[in-house]
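Heads up, there are several structures right after this.
Below are two complexes that have chain A in common, paired first with chain B and then with chain C.
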Partner chain A sequence: MKKITIIICLSLLCTGCIPKSYIEKLGIITAVGYDLVEDSKLEGTLVVFQFDPTSSNTSQIITSKAETSKGIRYQANRLTSHRLVSGQVRLALYQDKLAEKGMLKYMDTLARDAKISDLGYLAVSNVPTSELMKSNLSEDAPNIGIYLQSLIEKSIKNQMIPDSLINIFLRDVHDLGIDPVLPMLSLNDDKPYIHGLSLFQDDKYVSMLDEKDIFHLMLMRQRSEDTEFQLDLPSESLKEYYKTENSNMNDGTLHVSLNDLRNRTSFEFIDGDFTNPKVKIKMEGRLMEITKDIDLKDQAIKALEKELEKQLTDRLEQLVDKLKEKNVDPVGFGKKFNERHRKNQLTEEAWRSQIPELDVTFDIEIKLLRHGITE
Partner chain B sequence: MNANITVTKSQSVRAFYLFFIIHTIQIGAGLMGVPRILFLEAGSDAWVSILIGGLYIHFIAWIMILILREYENADILGIQCDLFGAFFGKLMGCIFIIYIFFILLSVIRNYIEVVQVFIFPEIPIWLMTLFLLFLMIYCVSGGLRVVIGTCFLFFFLTIWLVFTIYTPVTYMDWGHFLPVFQSSPLEILKGSQKMTYTVLGMEVLLFVYPYIENKKKIAVPVHLAIVLTTFLILLVTVVSIGYFSDYQLRETVWATLSLFKIVSFSIIERFDFIAVAIWMMVIIPNIVLFCWILLHSVKRMFNFQGKRSLYVIAVFLFIGSILFEYRMSVNQMTDLTAQVGFYLVFVYPLFLYLVLQVRKIWRKRRAS
Partner chain C sequence: MENQVPLNKDAYIKMMKQQFNDSPDLICKTFESKHQTIIIHFVNYQVKKDYLERDLLEPLTTSRRPWSVHDLQNKIPLASSKTENSIKKITNDLIHGSVSVYIEGEPDVVLFALPNLESRALNRAETESLVFGPQISFTESLVTNLNVVRWRLDTDDLVVEKVILGERIKSEARIIYLKSLANDENVNTMRQRLTDLVVDEVEDTSVLSQLIEDSSSSVFPQLITTELPDRFCNSISKGRVGVMLDKSPTVLVGPMSFFEFFESTEDLYVRWNMGTFIRFLRFLAMFISIVLTPMYVAALTYHYEIIPASLLISLGQSRATVPFPPVIEALLLEMLIEFLREAGARLPTKVGQTMGIVGGIVLGQAAVKAGFTSNILIIVIALSALASFTAPSYLMGSAIRIIRFPMILLAGAWGLIGIVFALSFLVIHLLKQKSLGRPYLAPIYPLELRDFNDAIFRSTFQRNVKRPKYIMTKDKKRFDKTKAVEKNDVDPV
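Right after this comes the complex of A and B.
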């Protein structure tokens, strides 16, 4: 008994040796933004949470300049009375000019420091991140960092943009045959929003994809469920199925809105040739809105499906042309090829040099299973 | 030295507990980094290595049981002396002691390394070692039954961690496994060999056997424990290969722990901290079992009695652990121990069995 008491006393004393962190004295970084200034210097903007019982303002924004991202934290420590910690960094934002120089060298600490969670998101911004972070319009979120993080998180959950977790980005950078993508943020009337998708060549930012094309890219990139999208068809299509010939509803283009979509995408390389992939997309969904008065009988639905397939094929071909022009492969054709072929595997160079020669054929099958409560 | 040990009923345990002994001693510090080690050898076909390795472990367990059944109530130390004579038997015993000491040291040191990297970079090594050694002394001084009770308890306290691997599973990319069988058979076999460090500790069977009450029933719990161990290694390796890219997995030292970095609950946002702390419960059965083996061997071979030898072991461990300052030297020690362990645990029993059989035939011939 005596021994046990001694051991307990000793171990209680030992706990005193472990460094403590009082929450009132910590500045918890929730988001960081990096900008390029004076050609090679980094400017970092930190959004910091603080639990100071005496002050009502719970967050502050600190800007500092240095050569490395840890250096920014070091510099920023001089600008605040709180000890800055990076355990809760949930968003790292990079200015597009900085991202053009390659993300990896600025991300090293995100991957190396065990303190930083893998749950953080990455994003690119086409305005200086210091401006973005200083925006005051963060709805009901406690600070701008949390607002941006939940904006991105929500969009990923609703499958509006591809996943942009740090780890997924790093995986796509390092995997052979696929290029990563990240959301592109921008400011609209001083309010941050998701402007589009930034395309990368390895870890270097090259170009931006319109918000419209995000869905098309995601169709090819991953299997998804419960997505929605809109298409407009030429006005002449489906004319024969109009309920009334001369209603003014029947002017202009035909807009169709689909939701509850699920898609299965499969790849095939004709004759084992990388430059000749065939993409098969099977979609099932529900018709939610159609801007013309169409009698939705069997043939009409079939004809509508045909129209949609044709239209979507067109769009996808345009998207692939865009990607070819920028020499990026966010779809992962190279990766899909290497997974399916044991012989003549692609190397990094062979893959990159053959992207512009890609001749993709599409085979799209759309099924409109339901069309709401009206006939 | 007498080959057989007399054990009173109050000292012995049921064969059922062998499941917990074998399993908890196999799972430990090795599991934290096994995906990377296997991946470096066998690439994305590491899962084949694990299956082959698993089969081989079953085979060795079978051989061990056959060896033990040749005697009435013996452990490896007695069997060696019986087969090779007092001098060589004791020499082999000493090799075992040194090997167990270093494996114990490497378990402690590797865990401290992880704590330093993940949670407390500032914590001094000696302090952490002291914590662990206190627990070890407290537990081992209670005798074998307390040690086995610890294993039993900590098994149930930690096995639920398996379920938290669900989150990383949802982020897996199955394409990383395609095409299968890219690695050559030799690389796959090398991977199987590397897997052995993770499952070292099986030799505990050779020491604990005399203390088992119903010896006829030992095969089932032993093989079940090995099945569970192989399954866990397979699980973390497959998930790591799917979750990390080729390059990341090569660079990530403790892939299993890094998997926890993505796990998050609404009240515990950073589950990885909890996981690393809980990992101590995985380590403790390891430490106490190895320490018990060490204590038992010393007692049996040199007749060192009582608690004094336990304190001496603890002091040696303490000194050993503060001598290794760099991670490089920890790694070197771990690798070396693993290599010795491979031959001692996975090759040596075969040799022992062969000698036993030869002696049997020889004796029969002389008798007739």
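Right after this comes the complex of A and C.
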């Protein structure tokens, strides 16, 4: 009995030590944006939920300057009556200028603080994030942070961009033989949108990839299913299958919209040489739209498949050239090589120095399973 | 000897008066004829008067010959008669509705039992009502209850043992079990606990169960008290031991496992899939009822990180106006619900219904409007209160309601850690419990996967071949599995 009394008394005393965080007294940060301002200072924009009994406006945007991201929170705390906490941060935005200096040093708090979920999203912006966050056009989302987060989340779910979760980014940075990518946000008429993909060399932002190339990169980078993409074929192709001669409908380039139902990508390094990879892509797709009046008989389909294969190979080669030029490897050729050649591992330096020497050959097989009926 | 029946009639009358403390209810009637004096005693309201007049007084007065004790026993058309010569015992019988006939000069008194037992008719079950299935419930009369049980368990295998409980005020109890099935150890434990009981009086089976339970200090009941004959007989026929007590409308059954308190006989009457669904619903309800409010308190006091982003705004906005910390807020509302429940139970039914509406709707609405509580908490509390009423056993339901309060306090003090601590404590406590010396948390511990069929799921009867292991029945198997699924239809299509 005595023991129990002592335990109860002690436990009541202990409760005093736990800091309480009543949600109505907190400013809950849902998104943060970091910009580089004069002489290597950070400017942080915090999108904050705070609940006041009298106002129905729950969202606030606070901007402050400091040297570290925790410093920003500390500074921002002076600007609001609520205690700012970062346990609900679901999105961290970095200005491209800042990302060029290396993400890891600014991300330290995201990775280290146990209160911040590793399942938040990262993104890069090519306009100052303070501008992006102050945009009022966030549709019906409660605030801009949630809007941006759902914009990115939706795009990832629909496989329009690769995963950009904090833990995936960190994994790619620390893994040997692969470079991370993040979505690139921008403003269009004061409305944020996904502009393209930012390419990183380790944790340093180097260049942007056009949104057209995202699909091609994703084809090689990760498994994808049920995505849509478009290919433009030269105007002269498939001429013999036109239904009617001399129709003005058949002028110009031939646009084909496809639905990639299933694809299988495999890598092979010829003679165990890193610089000589062969990428095999087998794709089963569905013809969604074609801009010319073509009689889709079996032969026409065959010819179309051939043209598409050629076109896709072209595109992929262009993409690889771009990557080589920037000396980045978001596809993860190095990682795939190391997975296949246990005895002959690449080192970080060898991988990086050999990227420009890559000579990738493609073997693409497209099969159109359905093309629909238009009669 | 003081206790002997005196041979003198005046001494006898005086003695009887003394025994009854000069009670005005003791009727004394003297018949004097030429040959002898006969004195009849009975307690006014304890005997059936019309039988008394027709079958005893009439032959006594019309006969011309003198009566002897032997004649009384042989010639009076009443079934239960006996002779007694101890005043104490005569008094005892008179209290229980006997009529004593004393012939002056005889040392023995003849007693005829003509008890006028007050009892109500068999009614529909009130506290454990079933939607579907047998409707009658036990009454306060042991005789009626035994009659119902005999009618339902029509077998010579049924053993009914008599035990008298209470030192000062005695009540009759019966131990009931099936001889070929019930484990001897269980029966002996039950019998020993009943016979060893030294108390003034046993008011009801619910009191009896608290007196003989393995752990009287636990919140959880370890023996089931039920008012349903079908539930009682079903348990007996599974090999359990039952106890009936006179003057009590409920009966006791043991050994029971924790999970059986969430079982209703209705699960058996509906089809197996429905039965399993309902049973899982009750387990879920129990869990919700224990955990939901503490989770609200913990999340809003310490762990804002775990609140889903889409809930954050509505939670935050409704909390913003509340002047109390979440623990106080939750305790206030829980108390409100408990007040309502208690008031509803105490008030007469007609007033009680209005109370429910006033309390539930008006108070709840007003509390939110006034910024007293958040409307999300109202939903949480209402849900957990509702969930706690799904337990078929009233005692288990109230145990669950009680557990919530320390859980809320712990959640307010330590957050999720407090909840986990409380749940661990609860599990340890349950693991320690026993029912008639059998494990309370069977079949989870000791683990017996086969018994899940019976205790946790409600599988088809054909599959339910083995009897639950922890009851240790003498016969392990119910029937042959292959025979059970065989259908010798005349014209199989």
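Quick note on the criterion: the second predicted complex is superposed on the first by the 354 of 375 C-alpha atoms of A that agree within 3 Å, B and C clash if a C-alpha of one lies under 4 Å from a C-alpha of the other, contacts with A are read in each partner's own complex, and residues count from 1 in each chain.
Please note the rule applied: contacts are C-beta pairs under 8 Å (C-beta built on N, C-alpha and C of every residue); 3 or more make two chains touch, one makes a residue touch a chain.
Everything numeric here is computed off the predicted structure, so don't read it as measured data.
J.: Is A:Q88 touching the first partner chain B, the second partner chain C, both, or neither of them?
T.: In the superposed model, A:Q88 contacts both chain B and chain C.
J.: Who does A:S117 touch here: chain B (first), chain C (second), both, or neither?
T.: Touch partners of A:S117: chain B and chain C.
J.: A:L369 contacts which: chain B (first), chain C (second), both, neither?
T.: It touches nothing on chain B or chain C.
J.: Of the partners chain B and chain C, which touch A:E24 in the superposed model: first, second, both, neither?
T.: In the superposition, A:E24 contacts chain C only.
J.: Can A:F51 be said to touch chain B (first), chain C (second), both, or neither?
T.: It touches chain C, and chain B stays clear.
J.: For A:I7, select first, second, both or neither according to whether it touches chain B, chain C, the two together, or no partner.
T.: A:I7 sits against chain B, while chain C stays out of touch.
J.: Quick one: is A:L79 in contact with chain B, with chain C, with both, or with neither? Answer first, second, both or neither.
T.: A:L79: touches no partner chain.
J.: Taking the two structures together, which residues of chain A meet both chain B and chain C?
T.: 11, 14, 18, 87-88, 117
J.: Mind listing the chain B positions that touch chain A in their complex?
T.: On the chain B side, the touching residues are 117-118, 120, 122-124, 127, 130-131, 134, 138, 171, 173, 175-176, 178-179, 182, 243-248, 251, 258, 261-262, 264, 269-270, 272.
J.: Hey, which residues of chain A end up touching chain C in the complex?
T.: Contact set of chain A toward chain C: 11-12, 14-15, 18, 20-24, 26, 28, 30, 49-53, 56, 58, 85, 87-88, 90, 115, 117, 142, 146, 149.
J.: Which residues, counting only chain C, touch chain A once they are in their complex?
T.: 300-302, 304-305, 307, 309, 312-313, 315-317, 319-322, 325-326, 371, 413-415
J.: Please output the residues of chain A touching chain B within their complex, sorted ascending.
T.: Going through chain A, the ones touching chain B are 4, 7, 10-11, 14, 17-19, 87-88, 111, 114, 117-119, 163, 165, 167-168, 170-176, 335-336, 338-342.
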